[in-house]
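Chain naming follows the written order as A, B, C and D, and within any one chain the residues start at number 1.
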Amino acid sequence: MAVLIWIPVVLPLLLGAASALRRRSGWTLWLPVSAAAVLLGVGVALVAVVGSTGPLTAADGLLRVDALSAWMLAVVGAVAVVALWGGIPHRTHQGRNIGAFATLLCLFLSAMSLAVVADNVGLMWVAIELTTITTAFLVGARGGRGALEAAWKYVVLGSVGVAIAFLGIVLLSAASHGTGEPSLSWTVLVAHAASLDPALTRAGAALAVLGFATKAGLAPTHSWLPDAHSQAPSTVSGLMSGVLLSVAFYAVLRVQAIGDAALGPELMRGLLTAAGLLSLAVTAGLVITQKDFKRLLAYSSIEHMGLLALGAAAGGPFAIAALLLHMLGHGLIKSSMFVLAGRILGFAGSHHIADVRNLLRRRPDLGGPFLLGAAGLLGFPPFVTFFTEVAIIIAGFQRGLGWQMLVACALLLVVFAGVVRHVLAMTVGAEADRDAARTSSAPPDRPARFRQVPIGIALAAAAVLGFAAWPLSGPLLAAVAALGGVR
Amino acid sequence: MTPGSFAVILVHLVVAVLVTPLLIGVMRTVRARLEGRVGAGVWQPWRDLIKLLAKEPTRAPGSTPVLTLAPIVLMASSLVLCALIPLVSTVALASVPGDLFVVVSVLLVGTVSLALLGLESGTAFGGMGSSRHMVIAAMVEPTVLLSVYALSVPAGTSDLAAIVQARVADPISLLNPVSLLAIFALVVVVIAETGRLPVDNPSTHLELTMVHEAMILESGGRDLGWLELGSWLRLTALLGLVANLAVPWGVAPDAAPLSLLVGVGAVFAKLVVLGAVLAAAEVFIAKLRLFRVPELLAGSFVLAFLSVSASYLVF
Amino acid sequence: MSALLAPTLMDAGLLAQLAVGGLAVVAAVLAPPRARNLAAGGALVATGLAGAVTGVAALLGVEAGGVPVPVALPLTAPLDALVLAPDALGGLFMALAGVVVALAALFGIGYAHGAAASRTGWTAFAVFAVGLQLVPAAADAISFLLAWELMALGSTVLLLADHAARGPVRRATLWYAVMTHLSFLLLLAGFGVLVAAGGSTSFAAMRTAGVAGPAADLAFVLMVTGFATKAGLVPVHVWLPRAHPEAPSHMSAAMSAAMVKMGVYGMLLLTLRLLPAGPRWWALVLVALGAVSALYGILQASVQADLKRLLAYSTTENIGLITTAVGVGLLLRDSGQSAVADVALVAALLLAVSHAAFKSVLFLGAGSVLHATGTRDLDLLGGLAARMPWTSGAFGVGALGAAALPVTSGFVAEWVLLQGLIHVDARTDRLLAIVIPVTMGIVALTIGLGLLTFVKAYGIGFLARPRTSAAADAREAGVAMRTAMVAGAVLVVGLGLVPGPLSQALAAAVAATGVASVNGAGLAVGAAAAVLDPVALTALAAAVLVPLVAVNVVLARRHPRREVALAWGCGGERTSPRMEYNATSYSEPVVRVFRASLQARRAVDVVHPDSAPMIVEHMSFTQETADVVESRLYLPATRALARAGDLARRVQNGSIHRYIGISFAALVLVLVVVAL
Amino acid sequence: MSTQLYQQLLATTTGLLLLTAVLQVWGRTIIRAIGLLVVQGVALAGLVLTVGVRAGEPTAPLVAALVLVVKAGVLPWAMARGARRAGATRDNAALAKPAVELIGAAGLTVLAYAVSGPLVGEAADPALRAVPVGFSLILLGFWQLLIRGSAITQLVGFLMLDNGIATVSFLISGGLPLVVELGATLDVLLVVLILGALLVRMQAEQGHIDVPELRELHD
């Protein structure tokens, strides 16, 4: 069974190598997709296996898959399938260096898998830093000043943030000296939480959370995110927004588990609440007058990460289960939205909201799903995000974060207003169609039905997930238990 | 449901229909005399009515059934009003008591049918009259409800007959401030609802001041006859109500023929006196500008409101 | 738990609604365009009827076993499972929603065209209908919010349906979506407070927890504001006059007649079921909210020239009256006058039912007019009574109901409300002695202005001569639309004629005593010792009418009516229909009298020929009435928000040094916090 | 190794680290910044060796050699090469006055001592007592990132921050497991490589490597 752990780490590497070799073939871009599909498959299998036999370990305990890791693997796989499949450009639009592109995507997947299955905090840190490195090239892939600037900011801010996390890990490691068996293993740290040095744990956990929060796009260290997401190719934006942030947040959750076990929940709760509310506030402030639709989506990711942070701050099985499910729901919807945004960009030739009008009439194949996806992002039922948002807020109230949740609700309203305003401006309207002549004379570049499939699947899944009590409730509870259970 | 109450209703209707034109005649005559004219005599309204009812009405092509129905509805509502208000006797139908709110809504049915007729006429005048009429009706509404509310508080019911009976039983209450304020407010209401001076001038055809007349300007013949009679009946009913509330003696407490006879005599006397006073007063008042009417109505509303509050706070 | 899950007839009804609603979606998606209206609309009529039957059963006291909603989130203790199980009060509102949905869907079969008849349109309607009918079925906070948001989603999409045709749709949708979300978030927060204080999401457990004190106050404020937003009360009514006009008319009917009622249901749920022992000021808040809304709503309605906007503001008025009634009921319960309190609560429910009936007719009628003439502007209509007799008749009945004239449901409802008000014993309570008369005055003024409003709506729109060729060429609506309107009109009159049994059932739903049915049809208010028997009243009117009509017929035989072309205009010269009074001029006196609160802006533009400044060549007059709440409250708020947005952009000004600085500050802060 | 020698060596290496860090803030020429980085690398390697030998770690010389090669050799060399190719000799895009920069640096050093006090407590171990130096390096590295405008000097700031973390790591716990240490070093190398690649592109795109010019993406 332990081989299952190795597959998600190694297989993408192999496929990456393959795509580096077959760099111009039409099917090269399908290699990352298949890597993602394998991830999904392995993730689901691991969820089942871990559910029945308990956690698996490999490589002398360096790698370990418990219910939470298995869940995260499945999330990474599912979202990556959508983002990668949906992001495969039309044959005529494929660039020259697709080999390198596919290789980097595979490496990226491998790094994320490693981050999720590593039992060693240090190893996980290495993996997360690796994701920065792979995505840096992906962000800059399009070339041009914008991409360069975004990549520079991304790498500098990202690495500095992750370096802070490393400092935190160093301190955590030092804290474990007192236990007699210094270790960086999650399991050991959580198990020996009581005997960790409190001052060092306090500083270590706080710095680690701050560092990983940078990568997770939580305010106030979110600054790289809008630039990177808006400049990266849509596939990459979708992947980063849909899973990279979640994987980083997974690291936050693990650190939080240690901190809570060693120090009680107050410190982590305070930090995460502050980060969550700040993220919502930043989103609220910046969506109102937003002019760029990819940045709009990027800010929406910050908002959702803020919600996750609030959920983590609330804690407890209900909130944690909700935030894990939210990762999946948000990932699916957000990656489809970025894919759609990429197509809209191709169609309208501009990032600007003002340049995109009347999508629902001019391009119903883009406008319809875009509107639906926006509804999902805003938390309308039947999308799963509805349940998770409600759950997070209610859990927050239940666990004594009353006024924080009230503030969050107020900020959510502003975010809602901003997003709805812009989405409506893009999709509907009765204005005379400026480009009507052009679009009607040019042959409509309707994509094949086939290209709609991943988006359709993602949105449908996001709509159905909320009601899927049977397959999901068990694994979610198991994942919560893996984090230390009821606190 | 007794034969007595049927008899009472029948008496009410007959008295109202017979007396009303006479009352109008009296009022016109009083006014004419005071203005130094001879006047057409007290029977002239009767003569007008018979003449009008025997004449053919007209209709424009494309007009709607409202043209025909509105006069009948107005007439019917006025008759129901007369049946429900304790003019002669306080015996009421068990299932259709002269409930304050029912009475007001029946009154409003007439108001609305007049207003719709005004609009149906399809001219600027009709619409103008209708509009003014409805605004006044709307602004009168609070006063009506509050003033009778004030009167109903001591009686503990909204049944007008019961209120009148209670006032007979407790004559001291007639002179207390609650009662006086309410009655005064009610008088203003009656004036406004029936289109008397200073709210409306019933005898004007000056376009800028017309309210009631503007609405019925397009009607003629039988339609006009019904409209006139219906409007007059409203005056009778409301004046009768005010009279019986202010001076509740003489109203028959049962359906015995004798007391009914006394009741008829009493209400006739009260109506004639009140009508004459009203007509006399009208000689000395000028019509208010339309947009000062709300001030008058607001004043009456304040009186009514005070009377309600007073009924709770003072007594 | 097993008892809870035992299937009952009730559950079958609930599941049937879901199933038929799903069928409607399938029909909407699969049916060919020509058959789509019939298939999807038919299925939705069935959905509505299923809701009506289930609701009536619940109203009559049939116990619900509870239909569990499967959700992926593991609901661990102390949270409770999601369950649909309506009680009697919920049953009433479910039945109300069901009937309105059935009427609207029936109307939609004939009416829906363009985007409203598309797959998306009907699917959205189905989602809306199911959500709407299940809101009152929810037995816990989360399923309540779920149904609530389904309702919001469906209605938002439907509201968007006509976006391609008219510009204002987008703005209306934005307003609607934001206000709806405001309502949702407030409810979410309110439920959050209740769950935190009471320890459970189930309504039954919240009630037994007996939450009181500041938590209850906070929950009350949050949730009442949330429900008020949905119900369209001032000052959170602003979505209503924008959304109702722009939605397809059958949708407007469903929104106005049923959806806003869910706000009322919520308030009742909150004050009667979840937090039954609230302090006195809660009731006063409701009375104030209701009274202000009623007066403001009708004042705005009376000066509107857009028929559907007028109806929308009138909805604010009616919900205001309902809220006032609820508030008075609670106030009196608090004062120990439970008999009169019951009357007020029953009045609230009667007002809700009656409003649902007449407002659906009115909106459907307006839809029929819009369908036939292409305009909602009363100033361009006229003469429709002769051209569209069915529509005109139904709208007329609806207008009578809205004006609360006998013998309609509106009259009965307001009669009960007024009876409740005047029988309050305020002698010992100075607060009541002030509040009740003021309320009475406001209610009375509202009724008066309502009368004016609907006389205007009907008289200007349907009587006299058509003002434009669009109105002149109008044709009567098709069978489905006619049937729906007439069915609604029959309900308005039927409920007005036979209010007794309904009132009795309503009284049972709020555990009220003292309101009983008499003579089979009539209504007796025990506490007030008052009786209303509309049948007898009708009989009296008929008895009066018979001789009157007889005389009239005889006279008409003798002197038949003469048709004269010159009858219009004093029988004198031929006048143009443009010289008729129109809606704007009709409400001119109101604008003048209430200029302080209406803030009308007028412009008279006179053009003289160059040669002769004394001669008028052309003259135009425009008048705009503003929504004061909107211009004083919302515009500054949105401007402030935009300014805040501009300010926030400085955070993200593109300078990497600023970003590093922010991160650095965060690091230093965390270090300091950790070290201290 | 005698305790006195140990203390002496610790004092020398950490002192050198702190000195180079402050000097970094003071000067503005790029070549000098890179030179100081080399010195810092050497000092760090010395520190690693001292702590490792004292703790009796058999791998200590190996790790020290690795640190020396990477931090005092490869990275400065790569950066110097990058700077030569970009033709940059001086940081012209600095954002604050030298005095402000130095006062800030002093303040941050004090802050570092203040916040790391509670972490190490009243420890007798001289290594632990030197931990504040690591924190100073981290904060000064960040400071460098904040006040320097040239891409190269920003890179220097980042490396200094990294040196600081390494210092803390070695002083406080004698280093992390080898696999993590190797991974981390590899990551830093890769980051520097990427930034180098971006730097080359920056030079090609805009003709200079001043970061403040990168302000196109904003709201």
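To be clear about the criterion, a contact is a pair of C-beta atoms (placed from the backbone, for glycine too) under 8 Å apart; a residue touches a chain by one contact, two chains touch by 3 or more.
Keep in mind it's a predicted model, so treat the numbers as computed, not measured.
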Comparing B-C with C-D, the busier interface by C-beta pairs is B-C
Chain centre (avg CA) closest to assembly CA average -> C
For the pair subunit C and subunit D, the C-alpha centroid-to-centroid distance in angstrom is 68
Expressed in whole Å, how far the mean CA point of subunit A lies from that of subunit B is 76
Separation of the C-alpha centres, subunit B versus subunit C, in whole Å, is 35
Chain centres from averaged Cα atoms put subunit A and subunit C apart, in whole Å, by 42
Where subunit D touches two or more other chains simultaneously, the residues are 118-119, 142, 145, 211, 214-217, 219
Multi-chain contacts in subunit C, i.e. residues touching at least two other chains, fall at 648-649, 652, 656, 660, 667, 671, 674-675
Contacts with two or more other chains occur in subunit A at residues 152-153, 156, 160, 203, 226, 286, 289
Chain pairs satisfying touch are A-C, A-D, B-C, C-D
Within their complex, subunit B touches subunit C through residues 9, 13, 53-66, 68, 72, 75-77, 79-80, 83-84, 93-97, 99-102, 105-106, 108-109, 111-112, 115-116, 118-128, 130-132, 134-135, 137-142, 144-146, 149, 152-153, 156-159, 217-218, 220-222, 226, 290-291, 294, 301, 305, 308-309, 312-313, 315
Touching subunit B in the complex, subunit C uses residues 383, 385-386, 392, 403-406, 411, 414-415, 418-419, 421-423, 426-427, 430, 432-434, 437-438, 440-445, 447-449, 451-452, 455-456, 458-460, 462-465, 518-519, 522, 528-533, 536-537, 540-541, 544-545, 548-549, 552, 555-556, 558-565, 567-571, 575, 577, 579-582, 585-590, 592-593
Residue positions on subunit D within touch of subunit C in the complex are 95, 111, 114-119, 139, 142-143, 145-147, 149, 211-212, 214-219
In the complex, subunit C touches subunit A at residues 69-76, 78-79, 120, 141-142, 145-146, 149-150, 152-153, 160, 163-167, 169-170, 173-174, 177-178, 181-182, 185-186, 188-189, 191-193, 195-196, 201, 641-642, 644-649, 651-652, 656, 658-660, 662-663, 665-667, 670-671, 673-675
Listed in rising order, subunit A residues that touch subunit D in their complex are 62, 120, 122-123, 125-126, 129-130, 132-133, 136-137, 140, 145-146, 148-153, 155-156, 159-160, 163, 166-167, 169-171, 173-174, 177, 182, 184, 199-200, 203, 226-227, 230-231, 286, 289-291, 295
